[in-house]
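Two complexes come next, and they have one chain in common, chain A, joined by chain B in the first and chain C in the second.
Take a look at the complex of A and B:
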């Protein structure tokens, strides 16, 4: 297989010692096994996330994303932009769409970027993709199986897709109400997928987990409860915000609702890394607050 | 009431729909709503919305300016995009909700104590400073936003979360001094300031 190269937008949560640093560790290991090369966009900035609208408004938000697109087109020409965080992907893609649809917005954005000499680099022609698109479209399920050494047999996964990887753009060929790709990935590496997981695309509250904790934790409780009810050993997700929200508040939810939740929440990239014979460290399993013991055991074999 | 708000009231008189169309992100879509109600059943925090999206669109057309701009409803939007993929008229509902919230905030009449409004402000200032999120500074600001004592309480409630993140190296305890953002934050500040100026000019908001 020839090496595939992409212009990579990691996003703040993937930085060293940030909330999704272990996601990044496993993505690196996974990509190495799949012969994917990620070229980080030099000097990228935050996308503004889904909460940036309130103080940031429209143009400042689009300028943030357009700066990244311009830097990518300048430094990594002819490479698709790939993001690992749903919110980053969405933010950048939304900006690209808006600039495409409005000449005035494009002109305004360029006028601003001119202050940094970046206007001439903004073509806004680069496809902006999520890492899972790269995996299922460019590599394919067969290709994902190739480097497999170990099977995840015996582990039952609730695939929590969440919202922003799924809506409004979603993954080509998948439905909004019941996307199957995450389940297919699980099955590709030998795990058991709960394909009719009830809360597959239910919102966890997103950024409002910070500002409206009770309301969000009610959502999260339902998401975890359904996973237990349907017999899951662990939850797997493609989104760093989903991962964090569903994992870290379990103690608080237990206190508030008298539940006994203690379920690991993993990333698809951790599953693939373990299946590709990566060790626990390479799979970022030491970064899970609730340890995914079954995965650790397979990784140690 | 703020001056910008008074100016807008005078400018648009009783035509709130027009005001929304001209000043709110994606506001020109509002008139396309056919009041089917699908969106209103889609919000995760639905029961907490005093006025669900469908009702807000109706109120805009009915000229209920104050009720719309001062409600907490839009601030309950989790950006889940359920509504967008379901709306038969393909209204970008999520963005209109964000746009309304932002507009009310800019006019200075959004609910002062709404936690999401306050969080969003802290968040934006956090990223605008260095170009990237500083999660430690962000959480500290957040927990101490109501003053020291309640901050201590909030921080204690969140302590187990924080300790878990620290232990697994998912939070940098030294981020306040060592956090690095983009290479030239000053340049980013210039960009953001200019963007704000252009946006204000386009919307007729003098800041």
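Take a look at the complex of A and C:
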């Protein structure tokens, strides 16, 4: 397999000691096995995430993403920008679309970037992609199978896609209400996918987990309940926010609703890393608050 | 078999549904030569799949019987079935047309005895029932089909099944060597009546037509009422074949929506009002049987207002002014749950029903801009009147979303236009 190179936008949740640092660890291991090289965008900044929509204002939000695009086009020319975080991907992709659609917004954005001398580097020609797109489109399901050493046979996964990789852009060719790519990935590495998982695209509450915990936890409860009802051993997701919300509030939900939830919530990259013979540490399994014991057992074999 | 004689005084009618049949018959009954080309193995089109017409609630087979008698009696009409027009070139009074005729593998000797169907084992989806059931791969499209002649599905040609069918035929009607052929003819005017098809309900993802068996379309629901249809005339829900009594209708499903069809198909309101009467017809006074119609606004245009008022007075029929947000399924019962907001009072609802019928919109079977450069399409792909266009006239649902009554009026108008063109040709040549 020829080495593939991408300009990498890790985002804040992937930083050391942040909530999804184990996602990053598993992505590194997975990419090594797949011969993918990620060239980090130097001095990348926040995508704006939820704050950008709430109070940040439109121009600042787009400028932040445009700065990342400009830095990427300056330092990693001719490489697609790849984000592992669904929110980073969505934010950057939205900005690229909006700049493309509005000359005024593009001019205003360049005016701001001029302060940092970056306006001349912003071409806004680079495709902005999520890591799952790279896996599905550039590597392909067959290619994902190639480095496989161990099968995840015997584990039943609820593929929780969430919203950000799904709406409004979505993964090419997928349905918004019933996307199948996560299920196909699970099946590719020998796991059992619950293809008609009821809460596949239900909102996890996103940032409302902080500001409106009751409403958000109601959403999360439904997501977990449906996974149990349909016989899942664990949940798998492509999004750091989904992963965090669904995993860390299980104790609080148990207290509030009298449930006994204790279900691991993993990343697709952890599954692939284990299937590619990575150990538990390489797969970032030590970073899960609710340990994915079945994955750990396979990794230890 | 296909030695078609056509001249610049011939009118070509493309499509043998109610509009094409009407146009062909009216032109021929005025003494014109007509070539009627139908893509399917029989004429009749979508009206043959309807249980009842609104507003009189009479049976379409009645009018079809009359039309078929007219067709059989008229020597001026040459009918080609399983034939598709692939190219139209030229100008008014002088068109060159290419027609591809697909093999039926059954010739004129067929008596429709059905021995071939008994002999074959392979089954195919039955398009007459919108693929809700299977039919044998040697089949008569439907009971009233004209021509009354069986069809061998190409999927079995070359197999043992096809040989069995041939052996079973006592009339030497099966010819497995038939080939596709293309003919080139001249005509003076063209009436384009290729009709409509139901919008693909699977595209309305929040309604889960592709995921939930008890979400069906209005055209499928219509087939259920046919005594010879997929459920033998019973309203049975697909998941468990239990009687569907508490039935939801969603209006504008995939219509008047920028994500789907932007136009209003006009017929769907009346179709659902009509279909709500089927519930009373089927279940009588059964208190559990009821219809709930979710609507944006009811468009029972002009003289249909009376029908709407009659349905409103029916205690079995309820109206909720709301565009349904999404549908979920109760895993244990198979019931469908409709979620949304009732705009009269702004109450949220999660209503459980046995069955949900999507009142699906119409889109043109063939986009107008694919016919010929001189034909213009509107935003939805229907044929738009175009003064520069010499003599290709749209008829029926190829021109707009129309009910049967208006489709027939449109076909008569197209026939009159075409007649004038060939009259000009005749007088020029005389």
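What to note about this one:
Here is the rule we use: the second predicted complex is superposed on the first by the 300 of 301 C-alpha atoms of A that agree within 3 Å, B and C clash if a C-alpha of one lies under 4 Å from a C-alpha of the other, contacts with A are read in each partner's own complex, and residues count from 1 in each chain.
Rule of thumb we're sticking to: a contact is a pair of C-beta atoms (placed from the backbone, for glycine too) under 8 Å apart; a residue touches a chain by one contact, two chains touch by 3 or more.
Quantities reported herein were computed from a predicted structural model and do not represent experimental measurements.
Contacts of A:48 after superposition: chain B is touched, whereas chain C is not reached.
Look at A:207: by the touch rule set out above, it reaches chain B but stays clear of chain C.
Looking at the shared chain after the overlay, A:78 reaches neither chain B nor chain C.
Of the two partner chains placed by the overlay, only chain B lies in contact with A:19; chain C stays clear of it. By the touch criterion defined above, A:167 reaches chain B but does not reach chain C. Contacts of A:108 after superposition on the shared chain: chain B is touched, whereas chain C is not.
Using the contact criterion defined above for the overlaid structures, shared-chain residue A:196 touches chain C, although it does not reach chain B. More residues of chain A lie in touch with B than with the remaining chain of the pair chain B and chain C. Applying the stated contact rule after C-alpha superposition, one finds that A:176 touches each of chain B and chain C.
In the superposition on chain A, contact is made by A:229 with chain C only, not with chain B. The intersection of chain A residues touching chain B with those touching chain C, taken from the two complexes, comprises 176. Contact residues on chain A toward chain B in their complex (touch as defined above): 12-13, 15-22, 43-46, 48-60, 62-64, 67, 108, 111-113, 115-116, 163-164, 167-168, 170, 176, 202-203, 205-208, 210-212, 215-216, 219, 248-249, 251-252, 286-289. By the touch criterion stated above, chain B contacts chain A in their complex at residues 25, 44-45, 48, 76, 78-82, 84-85, 94, 98-99, 101-102, 105-106, 115-121, 123-125, 127-128, 131-133, 135, 142, 157, 160-161, 164-165, 167-172, 175, 181-183, 187-188, 190-192, 194-196, 198-199, 202. Across the interface of their complex, chain C is touched by residues 175-178, 196, 198, 229 of chain A.
For chain C in complex with chain A, the residues that touch the partner chain are 205-206, 208, 210-211, 326, 328, 331.
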